[in-house]
Amino acid sequence: MVGYGFMGKAHSQAWRNAARFYDLPSKPELTALCGRSSSAVAAAAETYGFAGWETDWERLIARDDIDVVDICTPGDSHAEIALAALEAGKHVLCEKPLANTVEQAREMAAAAERAAERGRHSMVGFNYRRVPALALARQLIADGRLGTVYQVRAQYLQDWIVDPEFPLVWRLQAEKAGSGALGDLGAHSIDLAQYLTGQRITGVSALLETLVPERPLPGAYSGLSAAADAGHVERGRVTVDDAALFTARFEAGAVGVFEATRFATGHKNAMRIEVSGSLGSVAFDCESLNELSYYDATMDPEIAGFRRILVTEPGHPYLAAWWPPGHLIGYEHTFTHEIKDFVEALASGTRPEPSFADGLQTQLVLAAVAQSAAKDSTYTLVGRQSQP
Amino acid sequence: MVGYGFMGKAHSQAWRNAARFYDLPSKPELTALCGRSSSAVAAAAETYGFAGWETDWERLIARDDIDVVDICTPGDSHAEIALAALEAGKHVLCEKPLANTVEQAREMAAAAERAAERGRHSMVGFNYRRVPALALARQLIADGRLGTVYQVRAQYLQDWIVDPEFPLVWRLQAEKAGSGALGDLGAHSIDLAQYLTGQRITGVSALLETLVPERPLPGAYSGLSAAADAGHVERGRVTVDDAALFTARFEAGAVGVFEATRFATGHKNAMRIEVSGSLGSVAFDCESLNELSYYDATMDPEIAGFRRILVTEPGHPYLAAWWPPGHLIGYEHTFTHEIKDFVEALASGTRPEPSFADGLQTQLVLAAVAQSAAKDSTYTLVGRQSQP
Amino acid sequence: MVGYGFMGKAHSQAWRNAARFYDLPSKPELTALCGRSSSAVAAAAETYGFAGWETDWERLIARDDIDVVDICTPGDSHAEIALAALEAGKHVLCEKPLANTVEQAREMAAAAERAAERGRHSMVGFNYRRVPALALARQLIADGRLGTVYQVRAQYLQDWIVDPEFPLVWRLQAEKAGSGALGDLGAHSIDLAQYLTGQRITGVSALLETLVPERPLPGAYSGLSAAADAGHVERGRVTVDDAALFTARFEAGAVGVFEATRFATGHKNAMRIEVSGSLGSVAFDCESLNELSYYDATMDPEIAGFRRILVTEPGHPYLAAWWPPGHLIGYEHTFTHEIKDFVEALASGTRPEPSFADGLQTQLVLAAVAQSAAKDSTYTLVGRQSQP
Amino acid sequence: MVGYGFMGKAHSQAWRNAARFYDLPSKPELTALCGRSSSAVAAAAETYGFAGWETDWERLIARDDIDVVDICTPGDSHAEIALAALEAGKHVLCEKPLANTVEQAREMAAAAERAAERGRHSMVGFNYRRVPALALARQLIADGRLGTVYQVRAQYLQDWIVDPEFPLVWRLQAEKAGSGALGDLGAHSIDLAQYLTGQRITGVSALLETLVPERPLPGAYSGLSAAADAGHVERGRVTVDDAALFTARFEAGAVGVFEATRFATGHKNAMRIEVSGSLGSVAFDCESLNELSYYDATMDPEIAGFRRILVTEPGHPYLAAWWPPGHLIGYEHTFTHEIKDFVEALASGTRPEPSFADGLQTQLVLAAVAQSAAKDSTYTLVGRQSQP
């Protein structure tokens, strides 16, 4: 594993535990963790249960005793590491977003395709697909229970930078983060919308907004309290979007509306998505992770209503491994399920999903959103995966 | 009152009952109801409690014993009746939307302004402003409790035409209805968004979609069952939007996302709006009419949370007249409150709100939405009330 | 109508409006309102739309131009007025509780029975039976959709006397109010539990508690602020229950748990009831008046869940008269529905429900609750309607 | 660890992971798992990450390389194992209920007290105390935010035996399970009610009911399908309660109502508890594990309301170790938190809670409930921990 921040912590928990709950065809071994600072990575390796550690990802990839590389670094290094790892014959799991640019994503998807032909597989970490409630939603839609899909409404609402004095961290700088709420949050909504409906987004019209355009430089307050008190806080420009709003068309005729924002005061991680079709609707809110709301329009209207399905039954996706009905599972097990499916796919030689091509697809939508926003919200076609 | 359909029924209930609950400065008398069919209007007058009836609105307006004209007809006749009534020296209450075109609305606003100078007043029926929970939301925002307003998210979700065999009624024909979900539902959201934030919408980017483009002509099934059985149902083109999706900018910097749709399967009248600011958020859903959800970001994060305010306390707007705390009021009393405020304004000589100018403002936004949708969703400025 | 407090206001609204929405076989006329103070009753008659007024209920009953007497006074006068009205050949609608004692209730039920044989009918005002969601619940249970009923859980939660400085009003004095939360709130729960299940309660075990045993006498603060400031507030003993908790058995084997309290801080009028059976459950909360929650256990567990039925469809009980789906109705229309059913029953000569015998049945349960609480919560059989 | 069923699986997950998230003073080592079948226990040890295994708990306890014994067996063996383990100088964690009888519990509490004086500690596994939302509730109450506690309402609703053809498993047999819903579910509610309020329950009045008195013997259907088809299914008597309903008094004057049932159709694990005091209320539902509902009655009534606190902030109990705000944790981490606190207590030499004395206290309430139910629900005092 490369990287041991939030995602490294979540992924290592999943690698450690997947085989404790699922009867996997092969048992993961946490061979080595990679990070730049030797003291920090050594401590993290100990905490997270890795047998060893490296400070150079190229050395990691060169090791013979490693079959799978899990990339948990920020997006700007994904392409380089993933390409090298695939080249070195490793299976690769790469956190989302696949890359910071369409070009990198395209290159990665192509490399993944070539590697797959050699039996080396790759997957991108859109973990929300493995929320049992969303996997159930996908089943219901795939089974035709919603009929013709007409509309998608997706919101990803957070509020951690509402305070204008929150500092200008790297995530608010375009050169490091690529984009703001759009790539960080909107990417999840885009992947899910396409996954749930089984339809690609073909065009978008977007509005990106930076609601607080200048912020204190990191350390501005702590370092210079006298200056801060006097109001002389040094500030820098926010170069990413605080909120990304867009409408979309899907390939089979559905339309959708998307909002990704870090300014939805009071919402901590409200990743919500609803799909409406001719025969029903399903709705999900990540702040109620174990629930799916389902409306079946084929019932008598007098007894129809949105149904709160508590997705904890043994017959629900992934749930047989866990606890009795009504006992909730947490966010972290989206990753446990991801590892389970990845390991099973590797063992059986099938291609895991979402693929790098799926990651590219989301990247193409993100690019179209940015492009539309840059030209007065004009409707913009999403590029094709296969270049002309 | 002119017209006695859904709105006429609701308005007459309000006129009959306002003085039973509020101590009004003058008691409304339901003098005459106007409709085209004498037998039908006579029956409706009896049912709704009008002393008499007319079949010609010009005769109604000409009557000396009438001070106020309440227009509850479809939008295409609003302008003509309202202009004549104001000309005849009546006070006018006009259902929303103010008119079917910006030009008519502009003419009406100008006439209302001139009449106001002569002491004759007018109001447009955006009844949702008088939902106590929304009036409370306006108070909280006006009091600064939300700080700087950053975002609006508005949904108006219905589902009554999801079935593709639902017939081509007049509301689905542009020449009669003007627009579809946009004008019927979106108009409410637009007025509320501007009312709650105290900011006008300055530009929009929109996508309008007709999801079921052809429908059976009315009577196609009932009239010709043999033909229908054989699949020879005569169909016509739907010429209005089934769903209207748009993003918006507000004059003081906020951004918003709007969805108005009749294809949100399972939602019957989910008029939802949420406003997020630097210090808090308020959220409302018309399917929970007596509740306001409020997040106060100035509290310690450990005890902060969205608060379900049951808006039934005597200190809440309009509530002192009703029942003890916890006893809900219904949708119809948005009109009772409207009549109360209207009668009080007339008695005191102050100008009632929302004014025809407010109605025009919404019309200008609707027009900008339609215009943007017609030119590839390009961002389109909302026209000014005062013509150049 | 006798009495014009909270219930008089609600009932008069219903009498005035029932025929505006329902096509009733006869149109109610509000002939006279009766109260002790001539100036106050005259004003109330004017406000509520009564043609005249009386200050002596015996004179009211003696009038020839009155067919129906609606008793909205406190419980201690119900028996006397109702017995006289029935004797005088009037139909009688009597607010709940039917009486303050079992003896009075028994006498009233007997008189109602005799009057019914002469074609004069009576009804007791358990208005919650006419909440459309609860009428729907009754339908579902009667149709067998819940299978064998196993359990009832009922809560009636208010909080208006949580403040220990709230004064000792008449409702907190046993000689006037009979009991506290038990009779005021618990009576509704008891009637509903029996109505919904179709089963009588046969025995109870109860705990009654007065949580704040002494309170300021009314006016203690306002009258003597100096004394109040000095802490010399005169207090009296609370002689009714603040909270009534009991368990129950039903005649066909179900068991139930009941809580009626005015000390449920934060709950304003949470009259909640849930019935669970072998095939499903229904749950209701009066703070969400237009909703019924329904779980259908015959469905696949993977798609089963509590369904929020928005009870506003034209096919729902009472709803065809009101607004389009999704537009809520208020608490007051429980009375409108009551009047509708009462008028229809009188016109057709059928016996309206709930009858005085139903009122007696609730009184018998209340008495058993009080008796059990008085003897160490020992299980106590509910008395029989027909005396030995 | 002794036992590897549901609780063994949950506890081992907690032991494995606690030190991955919390910086514990000592790192747990999973030395040996104990079970009767060598092949099964060996497989479970492998799956759950134990270094070894035993088939005889006395051998386990005799091992020198073991400091802590975690008892996850059914309740009838708790006393014997715990007493021996304490005698052998081990620290002991024992699943709830502490024992099947008051006598055993009393003996265990005494042994725990003696062991504590020798520096060997014990804890009983009322894991719900470590739900962060409930730990927060305890903090709020302990800080006085609810003022004087007046009422507790507790429900533990499950539905897994509603089907009358569900077989007569051991949990439905008194000789093995002790009691039914009462001990299995009600024990949690009792412990929590006492923990949250800080008050012991002093007396109860109870009704226990077996709603389906006979059930098919296990295997009756599968083994003899012909007989089953013919209706000759062999049945046995259910000897435990299906539902336990009781009212209670607390030592400082509060009253409470409790329901524990396996017949609440549609509810899977709805462990709900609400505490109301003079200044506010808190409410919790285990089906929304990461939320606490809090009403603060000291606020202006116009902006007061039940607040949904999403208990995922770093300042919330236990949460700093987990994920960013808004990312939910699962049921299993109630055990992780339990292990964290237990390990920290052992390292610091403080006594962990809940103690065996707390377990005994719950047992005394359970016994009083059973006793009251056996004598016509008569109010029954809860026995004292210290015998006369």
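As written, the chain order gives the labels A, B, C and D, with residue 1 at the start of each chain.
Note that contacts are C-beta pairs under 8 Å (C-beta built on N, C-alpha and C of every residue); 3 or more make two chains touch, one makes a residue touch a chain.
Worth saying up front: this structure is predicted, and the values here are computed from it rather than measured.
Any chain touching subunit A that also touches subunit B appears here: C, D. Across A-C and A-D, it is A-D that has more C-beta pairs touching. Centroid distances built from C-alpha atoms place B farthest away from subunit D. Taking each chain's centre as the mean of its C-alpha atoms, subunit C lies 40 Å from subunit D. Averaged C-alpha coordinates put the centre of subunit A at 54 Å from the centre of subunit C. Between the CA-based centres of subunit A and subunit D the separation comes to 36 Å, rounded to the whole angstrom.
Contact with two or more other chains is made by residues 267, 304-306, 310, 325 of subunit D. If you check the complex, the residues on subunit C that touch subunit B are 6, 10, 12-13, 16-17, 19-20, 47-49, 158, 160, 267-270, 286-290, 310, 312, 323-333.
Taken together, the subunit D residues at the contact with subunit C in this complex read 146, 150-151, 153, 155, 159, 162-164, 205-207, 209, 211, 243, 245-247, 249, 253, 255-257, 259, 261, 263-267, 274, 276-281, 295, 297, 304-306, 372, 376-379. Note for the complex: subunit C touches subunit A at residues 136, 140, 292, 294, 300-310, 313, 315-316, 325.
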